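Okay, here's the structure, questions in a sec.
Per-chain numbering from 1; labels A, B and C assigned in written order.
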Amino acid sequence: MSTIEAKLESLGLPLPTPPAAVGAYIPVMRTGNLVVTSGQLPFIGKHLAFVGKLGAEMHEEDGWNAARLCVVNALAQIKLCVGSLDKIKQIVRLEGYVHSAHGFQSQPKVLNGASELLVELFGDAGRHTRVALGISEMPLEAAVQIALWVEVRD
Amino acid sequence: MSTIEAKLESLGLPLPTPPAAVGAYIPVMRTGNLVVTSGQLPFIGKHLAFVGKLGAEMHEEDGWNAARLCVVNALAQIKLCVGSLDKIKQIVRLEGYVHSAHGFQSQPKVLNGASELLVELFGDAGRHTRVALGISEMPLEAAVQIALWVEVRD
Amino acid sequence: MSTIEAKLESLGLPLPTPPAAVGAYIPVMRTGNLVVTSGQLPFIGKHLAFVGKLGAEMHEEDGWNAARLCVVNALAQIKLCVGSLDKIKQIVRLEGYVHSAHGFQSQPKVLNGASELLVELFGDAGRHTRVALGISEMPLEAAVQIALWVEVRD
């Protein structure tokens, strides 16, 4: 088990079998030293754990946990692609989409659930750029969708 | 004519002259072996063929066809950039934005129009990662907007 | 001072100290020869200068100016990362998100404020691909959010 996976276990977030795609696409792809994931939803196994809009059915803390879960799923996809999370040299970018009710503008706080986890796991190599958007309609009504770009070692 | 273009013709989707940009930008750019397109709209020539929101004026099947058309236009842009679709080594990513009325969550089904076409045309090289979002307001009220990333051969 | 910075000064847009991130992320990252920024908001120093939705509180001209300001901030981040704007070989992509009220579809005109500035500053090297979306809810209620990808020289 990689150091990163051990850290995830100690946080109560063991790396899962990565979720299947919800359409005619694949969940992760490498091009050169860049690995990009598809948008990850807050699945636990086959169960979508956070459904609804932030600022309506979902509270900020739900969103924070949903974002964290999306990252765990993204990391599971990346492991599937490159064999070990220890191959990650740098998290490059997090694209964060928050299912938002009218008037909800705390997307940054929700996505900090994801960003803080990455730094906790990877240290400086986990520091990343970010785009944060509030989205009106989301596939399967998921509370959050997150895609990662990571640079991997040769 | 490339094999891919012949397949497109047999599907009744001949590669068009690529649509002009709808602003002060260009439609396609290469950086290293990565080619990225601007967001493509469902134009047929100068006519925007699918206008409106999914879940309101537009039905799911309209969206599926609009997504397919966006991909055809994206491929036309990529040919313009690299000379032939046979230079495409791998479709890396599809970014799909679906103009969605309140309560519409079938973005994945709409975007499957695009994703399935890519696999039909390119086989394994057409399998790609995807981000799927429901967007409240879209340039020109287009039903769908899609951008592609592809890896090309040297 | 670089030629680009001199041009910015002559336009009354001197390169600022780049704004801090509004969350647990960093504003800019290099991977290979690609530099990507986080989503930039229309800050002037610590003041968010354009707040509200296009088509409601914000007029198209406000949005155009906000988009311009986002680009100036993105360039300040890129300078921080690579040392000088003269290292920019090509602007590759602009991702433009416009905070839009119901029925507002002039995202392209708003984002032209950003796109035209890049061409004015960099000439052909400033011509870029673009994705333009209308977003229902935006961090801090900012009028516009823009992220840039640029290719830099070795």
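Methods note: contacts are C-beta pairs under 8 Å (C-beta built on N, C-alpha and C of every residue); 3 or more make two chains touch, one makes a residue touch a chain.
Small disclaimer: the values here were computed from a predicted structure and weren't measured.
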{"item": "Category of the chain touch graph - line, ring, star, complete, other", "value": "complete"}
{"item": "Interface residue overlap between copies chain A and chain B, same or different (over half shared)", "value": "different"}
{"item": "Intercentroid distance (Cα basis), chain B paired with chain A, Å", "value": "25"}
{"item": "Contacts with 2+ other chains: residues of chain C", "value": "32, 135-136"}
{"item": "Sites on chain A touched by chain C in the complex", "value": "32-34, 90, 92-94, 98, 100-109, 111-112, 115-116, 119, 127-136, 149, 151"}
{"item": "Sites on chain C touched by chain A in the complex", "value": "21-29, 31-32, 36-39, 95, 97, 135-141, 145, 147"}
